[in-house]
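Note that the chains are named A, B and C in the order they appear, and that numbering of residues resets to 1 at the start of each chain.
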């Protein structure tokens, strides 16, 4: 058990070190997120009431798109330089390696979005409590996006136009996360309880953490043939 | 390790090891090869690369896969690694299908493909330690540095790999041979981009590995000499 | 006497069998279509509140039922192909996908046609319509993933995995959409009469059977073309009379 945990940490740390040495990639995802969110008021008009109502949906959809943008890179670099072959030959379970990569992907492309949320929430004049719940829902939901996305990334490995195809495959599967995520914020602004939404998101997170690494590992084996 | 398995005979009479030793006729043995490939067939798309391929390899043996470009050398090596599922046939490690062994088999295999599996952004040292970690080996810094120095990379251990030449990058990848505890080495064109000194070094490493009862399967377009053991060859056409 | 079911899982055996079955499915489907449409559009009485507009359910309901059913069948074949490595299962899965997508498209289209006279809008974010839309996306994902991989074996296996992941997700998606819908108090398409008349039921079941038989006929003929294409280099294909002529 301890050995598996060490391996997980090693793989995640490797990906984080690589991401830190290619910082531009991390920043582009974050800038994309901020930009898409800022475009909405320009598209629908500056009425504060409407913006406040739209904010959770806008932020969630933008986070979804931003995470799609960075998913293409999850396995492709390792695929192109042959590291993925070595991972397939690793004497430990491939699922653990995949889980490590998912964790690193979330820390690089999901966590910054969560941390950026308060600033963007202010742009949309969101009440403080709603911002808090939104952050919490993103904190629980964005890891699920990375995990489901990893399956798509593994399936589309090395394909022409893989990026667009990846979004096509993954976006419909992410709809429940979107619904529960925005639902939590909607509930708190309506003065209702939001804990059921968050527990459902948590349940999705647990389910995803149990099943997706194995599925993504199978997808990698299929794609590497 | 089970060097043989019992396939028939009078089990009741052979109740102890001694009884078999004194009367070998009691039991029929079958010699179990470390690696046994039987009736293997593989195709890419519609194209059949090879079929009915059978061979066996035992500890301390080395085999060269020969064949023209596109004859399926790389596909054979990748099939042996378990990346490709064969259309037909079986690959057995100590008599057990490698698909059933899965990770237990992978632990015995070291594969070096056309791609170096090293990251440009990391130093040679980091690359070596990470790839050792992936193969389940905890490699401390001094051992890693010693391995890289033996590969002729003295003074370049901490440079990012992107500043190294093609041959030097290959040497970083080959340093894995020094730190691995795998029994079966599967090497696809290990000599590509290497100079004369490095080729001599690889020959030396192969000799050491074979002397330790290791096994090697490789492809090459350059001459490669192995001392001490007979080099077997398998031709794909 | 034991029947060897696996005998028909080989393309060589399945190809002629499918060829014999297709005309039966096609003809009975055509007859049932005519009968079902006659029952639904002429014989069945008009609805008390919805008038004549409700009659589109004789197309809408069977197509939406089949679009969901076919997705499960497709995922089932995909799983069989992935687990037992049988060529025919994977071919069946990829043959079902376009028909399933067509049915979900028709269901959406007729749903919109129904919505216009009922609520004065083409589209309502009703839980069932939204799920149907997502189902169409899942079908399209399957088809485009299969189409963008050149190696047929990888395409089969990758698309199969996607179909399985999708089928596990379908209930989660359905319940989340339903929940979202009740939260936002959206309108839901409901059949006004609590008890359906017997003629209405007959018309509905006839149409359902007709759609099912149509799907069987089309899928089998598509599987035959896929078999021909995939196995074109084999000897038994070259010996087929329709190939030689």
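Assume a contact is a pair of C-beta atoms (placed from the backbone, for glycine too) under 8 Å apart; a residue touches a chain by one contact, two chains touch by 3 or more.
These numbers were taken from a predicted model, which means no experiment stands behind them.
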Remotest chain, chain B as reference, centres from CA atoms: C
A-B compared against B-C, more contacting pairs: A-B
Most central chain, judged by mean C-alpha position against the global CA mean: A
Rounded Å distance between chain A and chain C, as computed from the means of their C-alpha atoms: 32
Chain A and chain B: spacing of chain centres that average the CA atoms, whole Å: 38
Inter-chain centre distance, chain B versus chain C - centres from mean C-alpha coordinates, in Å: 49
Where chain B touches two or more other chains at once, by residue number: 85
Multi-chain contact sites of chain C, meaning residues that touch two or more partners: 151
For chain A, residues contacting two or more additional chains: 225
Residues on chain C engaged by chain B in the complex (per definition of touch): 85, 150-152, 233
For the chain A and chain B complex, residues of the former touching the latter: 7, 10-11, 14, 17-18, 21-22, 77, 80-83, 85-93, 97, 221, 224-225
Chain A-facing residues of chain C, complex: 134, 137-138, 140-141, 144-145, 148-149, 151, 153-154, 157-158, 161-162, 165-166, 168-169, 172-173, 176-177, 179-180, 183
In the complex, chain B residues that touch chain A: 81-85, 103-104, 106-107, 109, 111, 113-122, 126, 130-131, 133-136
Chain C partner contacts - residues on chain B that touch it in the complex: 44-46, 85
